[in-house]
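Since the structure comes first, as structure tokens, the remarks are kept for the end.
Labels run A, B, C and D following the written order; every chain starts at residue 1.
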Amino acid sequence: TAQERAFQDRIDAGEKIEPKEWMPEGYRKTLIRQMGQHAHSEIVGQLPEGNWITRAPTLERKAILLAKVQDEAGHGLYLYSAAETLGVTRDELFEALHSGKMKYSSIFNYPTLTWADMGAVGWLVDGAAIMNQVPLQRTSYGPYSRAMIRICKEESFHQRQGYAIMMKMAAGTPEQKEMAQDALNRFWYPALMMFGPSDKDSVHSEQSMAWKIKMNTNDELRQKFVNETVPQAELLGLTVPDENLTYDEQTGDYSFSEPDWAEFFEVIKGNGPCNRERLQARRDAWSEGEWFRDGLTAYAEKSAKRRAAAALAAE
Amino acid sequence: KPAFFDWLCRMGDTTLILGHRTSEWCGHGPALEEDIAQANIALDLIGHTQMWLGLAAEVEDEGRTADTLAYLRDAMKFRNLLLVELPKGDMAVTIMRQFLFDAWHHDYLGKLTGSSSPRVAEIAAKALKEVTYHLERSSDLVVRLGDGTDASRRRMQDALELLWPYTGEMFVSDEVDRAIAEAGIAPLVEDLHADWTETVTEILKEATLELPSGTAYAQKGGRTGRHTEHLGFVLAEMQFLQRAYPGASW
Amino acid sequence: KPAFFDWLCRMGDTTLILGHRTSEWCGHGPALEEDIAQANIALDLIGHTQMWLGLAAEVEDEGRTADTLAYLRDAMKFRNLLLVELPKGDMAVTIMRQFLFDAWHHDYLGKLTGSSSPRVAEIAAKALKEVTYHLERSSDLVVRLGDGTDASRRRMQDALELLWPYTGEMFVSDEVDRAIAEAGIAPLVEDLHADWTETVTEILKEATLELPSGTAYAQKGGRTGRHTEHLGFVLAEMQFLQRAYPGASW
Amino acid sequence: TAQERAFQDRIDAGEKIEPKEWMPEGYRKTLIRQMGQHAHSEIVGQLPEGNWITRAPTLERKAILLAKVQDEAGHGLYLYSAAETLGVTRDELFEALHSGKMKYSSIFNYPTLTWADMGAVGWLVDGAAIMNQVPLQRTSYGPYSRAMIRICKEESFHQRQGYAIMMKMAAGTPEQKEMAQDALNRFWYPALMMFGPSDKDSVHSEQSMAWKIKMNTNDELRQKFVNETVPQAELLGLTVPDENLTYDEQTGDYSFSEPDWAEFFEVIKGNGPCNRERLQARRDAWSEGEWFRDGLTAYAEKSAKRRAAAALAAE
């Protein structure tokens, strides 16, 4: 249609689409799915790191980790708010998460088993997230773009903090170094999976790219991540768990082994190490918090009535 | 000096353990705003801990640090109020405890800004800003949840009954406190009781909650190292890495 | 030798952690008889741990003991099945896990009585007597609670679904297992699968419970040191005193 | 009445009263109260020691503690069974416990705070219990007497194990010795309270003594306990927390300070350090176990029906 063409022209011209403006239903739906999934990932992403807050090894590390997890909840807040501009409520999004209709990033279905994982999550998981998110600062939907700008600033801070933990661990006692290497071993392939399936197997991609909801292909971003991360691992004195890793002087690219995509799809299906527990934790938080939310709502209604009555009496 | 050290541990251990309990909510709160608020409170309290225990280590001057004090003492050496070591319970217990504690904490810090120890006054002034916000927030939530639904009122009332016997300890001085008071470092906690009771009574009334009747037998002992059975489990978890990897740097 | 040590740790760590989980019920069981039975099972399992880890320490011959193995290794060095480290849950989870494990444990110990290692055969023979009783008891309870009320059946079915993905790990061999099998010390665990499936199928049928459908993705890694998030908390608690008071004698 | 006189004569003659035999209602009631309270104490008594099972410092100590707590549950079982011979069911007794109508020994309202408490509980608490129980082996009610005979044998074993822990601790590192002294400090007076209020304030005593339900006065037993325990403390190198403790060469008795009876009555009233938690733990165990007990009952009924149907079919 002409409307659709005009819409696409605006996007091609680099204009931002704003909430009240017309947009194709598919654009709206795709954005809701992507932003919702991203928001859910921030919320569920509190859990693997929250797992170590009570066991953080120093007061300073505890404070840093608390601040980080708090930031993640904040990111969730921005993203739910941005998604709400598309006409879906936060509660609807939560329900979709709890019922399993909407997903969150599969990386959070892996457990955090040692303190080094707090380093690996910051370094690799936030690192991969940033790789995905930096281009999204230029995404076509205004509220999403603005949320990503705020988020990216904090995420890169988190990544540096994660890397700092890895440095301490890798330069620490033999046990600490062992933990650091083990964390890299466990998180390397799941981090590569964060960019999604190989381009040839990826659905939704083309239209999303045209709409500037997706800015790069999965494989492009994955390559960029590997190229940046491998030298960082070397600097730490850790070994990337990939025998086929080689550097191509000409392209400047590393070639690397594909992750185990069968595992990826198993985890997506719900069979990862922590799927059940992560989702259950969120469901429990929600259902155990019902009385709390209801209490606040009831009070708000009572207060409104009281104010109205007082206003009436004052007339 | 030993009294000053002890008193500083009482301050720092109390914020440490309450920070620990608060942080247990991380990712499990009833609403996103609450997740953020609880993490924020925990963060503030851990910050206060670093200051109080940091000063305690300096005062002791035996090479310990805030971290070694936090991570390498067993329960008998901890000096926190019993109130803060009780399990987090439901959000009603968490919020009611925060309120009962904040009302005391806020007043106490206010007085400590006039401490004869400039270091104490400085820490108190920094902490007071944050705790002013904690008290505003917890009072507000007590009112809203108390005067919310029947279910939320019942939970808040139950939480109040549960916690009430542990509030007495905030107002009982011993030799340590008296020595500190004589040095002008801190007021006697007994002097806080009237104001605290007024604040609490007023907020609970607004919250349509009933003040527990009679003078409950005050559970006490935390400030001299006699704790509940809960603290040992908190420490086992909190201190694991420092205990398991002695001397490692993190 | 290193394979033998590793294998002995797999046995001993599994009984240790299951014993820990079982002992958590102490004083909190649904009936007095159950309190006694759970304590008894825990006691047996701790006894087996002393034998397996005792032999592991001997085999290693580096001055460690069953106690230092139990109390001074961190999670990455633990070799227990994931199944046994999951939280105790309700009594349905506890009993269903015990049954799923007992059915394997009983068969395995039976085979181990013919081990080429006389020490292993001896331990297995001792443990087998107790485990025969464990299996009788857990099978019996699975049947009675499965074929009890709707509520008890639902709980047992839920427990089964929860635990099922963790049973696969009992039947997967790696190099350690293969080295042990070649030495005639233990059979390959794959060889136990058919009998286990038969036992389990039969009991679940009698219990009117449904075998979870399809081949669940087996959760595994415990036997090579990749655990769930739960083990760290178990160890923090279990090892506290040995970690906090290194070198003390108890 | 003549019946009552005959009953008292039998007791005076040292005969045992058996379940089916006639007994005064007061005798029955007093026995139910005393045996029920004793049974409840065994059950609630699992909790303070159960608190350290998962943290026992060696495998052997863990096994010993497990066996001990298991014995306590077993004692509960004997005592409930013995009480049932008086026409009260175990479930009725549980309900009386859970509603607060029946008590358990107040000593279990004190927390166990360090591993030394596992020693102090065995040494002092089981020690005081034995002091109470040994004479009850000669009590007039047959089933109670027989239960006490079995129980006393195991209890004295427990007391020796507790003392062995104290020896290890008192001879251990400075920290261990400190824990041992602290445990003695905390448990000394509560242990003295276990014999009940001073004779002059004790209710129920005279009639119970006549019926041989109570064999000695509270003060007699307390004195005996102090006389036996003080030298044991000295052997450990620990100090009994009583400045007024003196030995009278003539009588062979120690004179000692009275415990704080105000505290005693506060704890009885429910205001001890752990009253709420101990009772709540038992209530929770009971209510969370309801589905379990109901399931077993339902199965038993079904099986009985099936057996009956099979028997009918076989005829």
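As a convention for this text, a residue touches a chain if its C-beta (ideal position, glycine included) is under 8 Å from a C-beta of that chain, and two chains touch if they have at least 3 such contacts.
The structure displayed is predicted, hence computed values, not measured ones.
Q: Counting C-beta pairs in contact, which chain pair has more, A-B or A-C?
A: Looking at contacts between chains, A-B has the larger number.
Q: What is the distance in Å between the mean C-alpha positions of chain C and chain D?
A: 34
Q: Let me have the rounded angstrom distance from the C-alpha centre of chain B over to the C-alpha centre of chain C, please.
A: It comes to 41 Å between the two C-alpha centres.
Q: Can you list the chain C residues in contact with two or more other chains?
A: 74, 232, 236-237, 240
Q: Enumerate the residues of chain D that touch no fewer than two other chains.
A: Chain D, residues with two or more chain partners: 55, 175.
Q: Pick one for the touching-chains graph, please: line, ring, star, complete, other.
A: other
Q: Spell out all pairs of chains that touch, sorted by label.
A: Per the contact definition above, the touching pairs are A-B, A-C, B-C, B-D, C-D.
Q: Any idea which chain B residues touch chain D in the complex?
A: Touch residues, chain B against chain D: 74-76, 162, 165, 216-217, 219, 221, 226-229, 232, 236.
Q: In the complex formed with chain C, which residues of chain D make contact?
A: On the chain D side, the touching residues are 43, 46-47, 50, 53-63, 66-67, 69-70, 73-74, 76-77, 80, 90, 115, 165, 168-169, 172-173, 175-176, 281, 284-286, 288-300, 302.
Q: What does chain D use to touch chain B in their complex?
A: That would be residues 51, 55, 111-114, 175, 178-179, 182, 186, 266, 271, 273-274, 276-277 of chain D.
Q: Contact residues on chain C for chain B in the complex?
A: Against chain B, the touching part of chain C is residues 74, 232-233, 235-237, 239-240, 243-244, 246.
Q: Under the definition above, what is the set of chain B residues touching chain A in their complex?
A: 16, 20, 23-24, 26-36, 39-40, 42-43, 46-47, 49-50, 53, 66-67, 70-71, 90-92, 143-145, 147-149, 151-153, 155, 237-238, 240-242, 245, 247-250
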